[in-house]
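Each structure below appears as structure tokens.
You will see two complexes here that share subunit A, one where it goes with subunit B and one where it goes with subunit C.
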Partner chain A sequence: MAAELVVATTDLAMIQAQQAGMKAIGAGLAVGLTGIGTGIAEMGIGAAAVGAIAEDKDFFGLGLLFTVIPETIVIFGLVVGLLLLFL
Partner chain B sequence: MLKPRQMSHLFITGSKNQMEPVIQELYRQNVFHIEEFVEQTMEGYEGVKIGTPLPGASEAASKLIRIRSIENTFGVKLEDVMPQKMVPVQQLRETIDTKLSAIVSEVEQIQAKKSTCEDAVKDLEQKINELKPFAAIPLPLEMYSGYQNIAVFTGRVSKSPDLIVPNETYFSHAKEGNFIAVFAPAEHSGKVQLSLLQANFAAVPVPKGEGVPQDLLNLYTEQVSAHKKEVVLIKEHLEAMKKEQIEFLAASEELMNADVDKAEAPLRFAMTSEAFLAEGWVPADRVDVLSDALVKVTGGKILVTVLPIDFEHDSVPVEYNNPSFSKPSQVLMDVYSRPTYTEVDPTLMISIVFPLFFGMIVGDVGYGLIFLAMSLGLRKYLKGEAGEQLLTVLRNASISSIFFGIVYSEFLGFAIPGWNPVLYSRHLMTEAGGHGPNIPELMVLSIWIGILHITLGRLLGMYNHAKQDHGHHRTLAVMANFGWLAVMWGIILAIWSSAVIPLMPNLTGLPVVVSVLNVGHIIGGVLILVGIILIARESILEVIELPTIVSHVLSYARLVAVGLSGVAIAMVVNYMSIEMFISPALENFTIMSIVMILVGLGIFLFGHTLNIALTLLGGGLHSIRLHYVEFFTKFYKGGGKKYIPFGMKRRFTED
Partner chain C sequence: MGVNISAPYIYVCTRMRMRKAKLLPREEYQRMLNMSVSEITRIIGETEYKQEIDELGTIFKGIDLIEVALSWNLAKEYQKIQEITPGNLKQFTQVYLRRWDIQNVLTILRGKMQGEKPGKIKEILIPAGSLDKVILDRMLSEESSDRIIEMLKTHRMYPVLAREYPAAKESGSFSHMENELYKHLYANIIAGAKASVKGGASFLAYIQLDIDIKNVKTLFRLREDDLEEDARDMFIPGGSLSLLNFTSLNNIKDLNEFIDMIRANIRNDTLHSLLDELKGNKSSHDIEARLTRVQLEQMEKMSKRNPFSIHPILVYLEKKKYEVFNLRAIARGKESRLPADKIMKYLVI
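Let's turn to the complex of A and B:
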């Protein structure tokens, strides 16, 4: 009886640990994958913006701004990651 | 405030002989934005042509070119010159011709001297290079030529050649290659060439001249250094001249610029055979002053008319009209686009909300103080209006960061000792007993900010459309903006009725109407439906944009997310430097501890420098992006023409 109880609690502890681990993996995936998505999206914009800035330096502000527009994707990933870890 | 400065459309007509005093007065007043005349072939424009420049235009322009070429020699720009004292125009006009030609001829002489010296240096260096290989051989140059029966070979080889014929050879090792000089009877020159070729011979011609190469080298080197010294002296002379003449040059350039502007102004006017017509824009409160002044200088022989503004065809120049504390934010508006004359100018809102957003993201007393120091310290280096405005924006943002740093209780990623966060905490790693980060609450708070900001944007959109559009389209556009608002609030109502969210009203307890749907769901659904219909009535294609309602509101979560990533980096840096290096070193102090403390300090400095750069970039860009992308797209069009009055701000001259 006592032995069974011990097994049950260790099982519970293990399951909880696994769940925490899964959450962490999920948070990592959310940030990492969205980061890649943002990177791919910013690749084209960044190249075009640098080209435009080479033509006209005044475009710098707007070019920088266009480049960070896809940052929203990774922000969403970060939000999901934070909610997974802390909610 | 919230509106550009009121402008009046002015039309000035007079006979041609009144044009010059009118131009002088317009230039002096510095308020008249000239609307350039374009020649037209339409009926009613017969005989109206673009004007011709005033006499003296080309003379002033050529003087300007001379002044600028001297300034170019000195390497100065008008913008970089700090005015010391104002020069009276009259005095300058009297002296400018003689003084300018004196300076020009002096500078030309000095330049000629300088280029002679530099040419001589180049020439000598060339000779030195040619002589160098011969320096190792103790033969005077004249010994290499003038033989009848002896052939001479000079050049570089990779190894010493095997010469089977009688010869006299000088050989020297050197880094850049072995040098050889072979003297052999002329009849054997074929054989000598063959053996030299086997040693990879590359011929080097004998330099012209007489004397021992080493002596010549010494002489030339001395001459080079003498010339170089002279160039240095010339440069010092130029520098001294620059200091002496810079104020005169700056004042003359300003005066000539003004003369050229004035002389060429008629090119922007319309002219008939007897009269001139100038069209332009003046701030409404300056019309009376300007027209009185014009009447006065012409003795009343002029007609100044205020034309009604035709918003369909006229593009009215836009001058900001903001209270002084929000003026620096105009630089953020100009980066996007200047507002048009008829729409709401959001500079005031940016000047308040941008620092708040920046502060919310950074939220650290230490970083705030560093930014504050940066904004004050960089003033010395960042000159120009835009640079100063940007630094003022940074100053306001850093003050807001310090404020939020106190609210969050953060100093360089540490908690401020003895001070608990007001409302919500962002501390990711907390001591036992302390409360952890209030992430859900902070997220919901940022969403609330988003909802309110976007609602404000849509309301402004309704106002702009009501003001700018006409007829049926006006109603459709205003209603479409209302539709977007209705859909957004409908979705929010539906969510409130379905789930309990901290800091948001709980509508799950409303009376149920059908199955699981309660009153909140029904009202939300109706709002969404009505909204979609209103949006579709303006443009059916807009309906595919509906998901942006959710994504734009959620986008405001970056206020917390970006900030938290900054906090995380700061805390990791602190943990690495203090917990991993400095604390263990202090606990058990040995010689190695000093190294560990140094490493810890290095990590601390490097990590925080990196985080400061990231936070500045992140905080600034994300705050401004929330304005440009999420806020401005709801109401703002921009594309206004900048108001550039005819005239200039004088810095070096006075009447």
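Let's turn to the complex of A and C:
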């Protein structure tokens, strides 16, 4: 009886550890994949913004603003990651 | 992810769009039509041509200042674009700019033949192709035309020059040689664009449009002038028209039938609407400028269809060329006291 209880407790601990690990992987994926998405989105906008700024310096502010708009994607990923880890 | 949406393509195409947006608008030309040459110089000096006007202001005066400043600016602009274009686009841009080599070499040869001073010839050269200022200066300092041809021994156009020059020199007319040089250039360009290079298809589409418009222009010119020259000599192969179509089109006397035949042979909506306008309208004096406008409009459409390809670059290069042509036409027209509406007909806006 006592031996069975010890086995069950060990199993539970293992399952809990696995769950924590899965959460960490999920959080990592959420931030990592959204980071890649943001990078791809910013590539085009950034290239166009630098092109426009090279021709006309006045575009600096506007170009920067448009370039960072896809940052929202990675921020969502970060929020999801934090929720996974701390809730 | 295809190469067509890589960052350098987006970068350079955006730069071209920005530059295109800075070109002079229609209203500016209309304002210039009511000005004197010195006022036009002042207006041009406040735009993208400021640096050239300031630099050359002490050496040249009046119409010469405008002419030289425009040529210098065009050459500088073309060199700059060659510097900033990446990969295959650079190659295509250089290929496109090779036509300036032909123009420069012919200008030098013609100038030498007429005994013009090297300084005078230099004013109208546009060193935008593969022959840069240094080579052109060396060519200008040569006295004999044969030596000039010898200097081009390593250049692509040398075989045609060597073949055609003796006859051209004897007859005193370079027109046949010019045709042959352009045919050789287009054949080369088409072979290059077809050689399975990425983005080659869009370049080929432009080249075919260019050849089509050139052939149609030649046909209209032949109709207007009633020349007895051999039409086949002026035909450029590689477009929608075949040599057979070209000669049969040239033999059609009736304007409506002629237009219908062009419509049937060349698929191009913008050209079709121009041809419809021309039907029944006997006067076709400004047809060349209108055909050029058709070409630009069609190129604009192509650049919107392929926003990150060679097309936006080519549209800018062409529009810049016509801006310089327009300004030169206005300045020259004003110098010769032509009425504004007459000058307007020569402008490509």
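Here, the second predicted complex is superposed on the first by the 87 of 87 C-alpha atoms of A that agree within 3 Å, B and C clash if a C-alpha of one lies under 4 Å from a C-alpha of the other, contacts with A are read in each partner's own complex, and residues count from 1 in each chain.
Operating definition for what follows: a contact is a pair of C-beta atoms (placed from the backbone, for glycine too) under 8 Å apart; a residue touches a chain by one contact, two chains touch by 3 or more.
Keep in mind that this is a model prediction, so the values were computed, not measured.
With subunit A as the common reference for superposition, the partners subunit B and subunit C occupy compatible, non-clashing space.
By the touch criterion stated above, A:82 is placed in contact with subunit B alone, subunit C being left untouched. By the touch criterion defined above, A:56 reaches subunit C but does not reach subunit B.
When both complexes are overlaid on chain A, the residue A:72 reaches subunit B alone and has no touch with subunit C.
Residue contacts after overlaying the shared chain place A:41 against neither subunit B nor subunit C. In the superposition on chain A, A:64 makes contact with subunit B only, not with subunit C. Our angle of interest has its tip at the CA centre of subunit A and reaches the CA centres of subunit B and subunit C; in the overlay it is 50°, to the nearest 10. Contact comparison for subunit A: of subunit B and subunit C, B touches the greater number of residues. When the shared chain is aligned, no partner comes close enough to touch A:29: not subunit B, not subunit C. After superposing the two complexes on chain A, the shortest C-alpha to C-alpha distance between subunit B and subunit C comes to 10 Å. Counting contacts by the rule stated earlier, no residue of subunit A appears in both its interface with subunit B and its interface with subunit C.
The touching residues of subunit A, counted against subunit B in their complex, run 61-62, 64-65, 68-69, 71-72, 75-76, 78-79, 82-83, 86-87.
Residues 5, 7-8, 10-15, 18-19, 22 of subunit C are the ones that touch subunit A when the two sit in their complex.
Residues 43-44, 46-48, 50-52, 54-56 of subunit A are the ones touching subunit C in the complex.
For subunit B in complex with subunit A, the residues that touch the partner chain are 335-336, 436-437, 439-440, 443, 551, 554-555, 557-558, 560-562, 564-565, 621-622, 624-625, 628-629.
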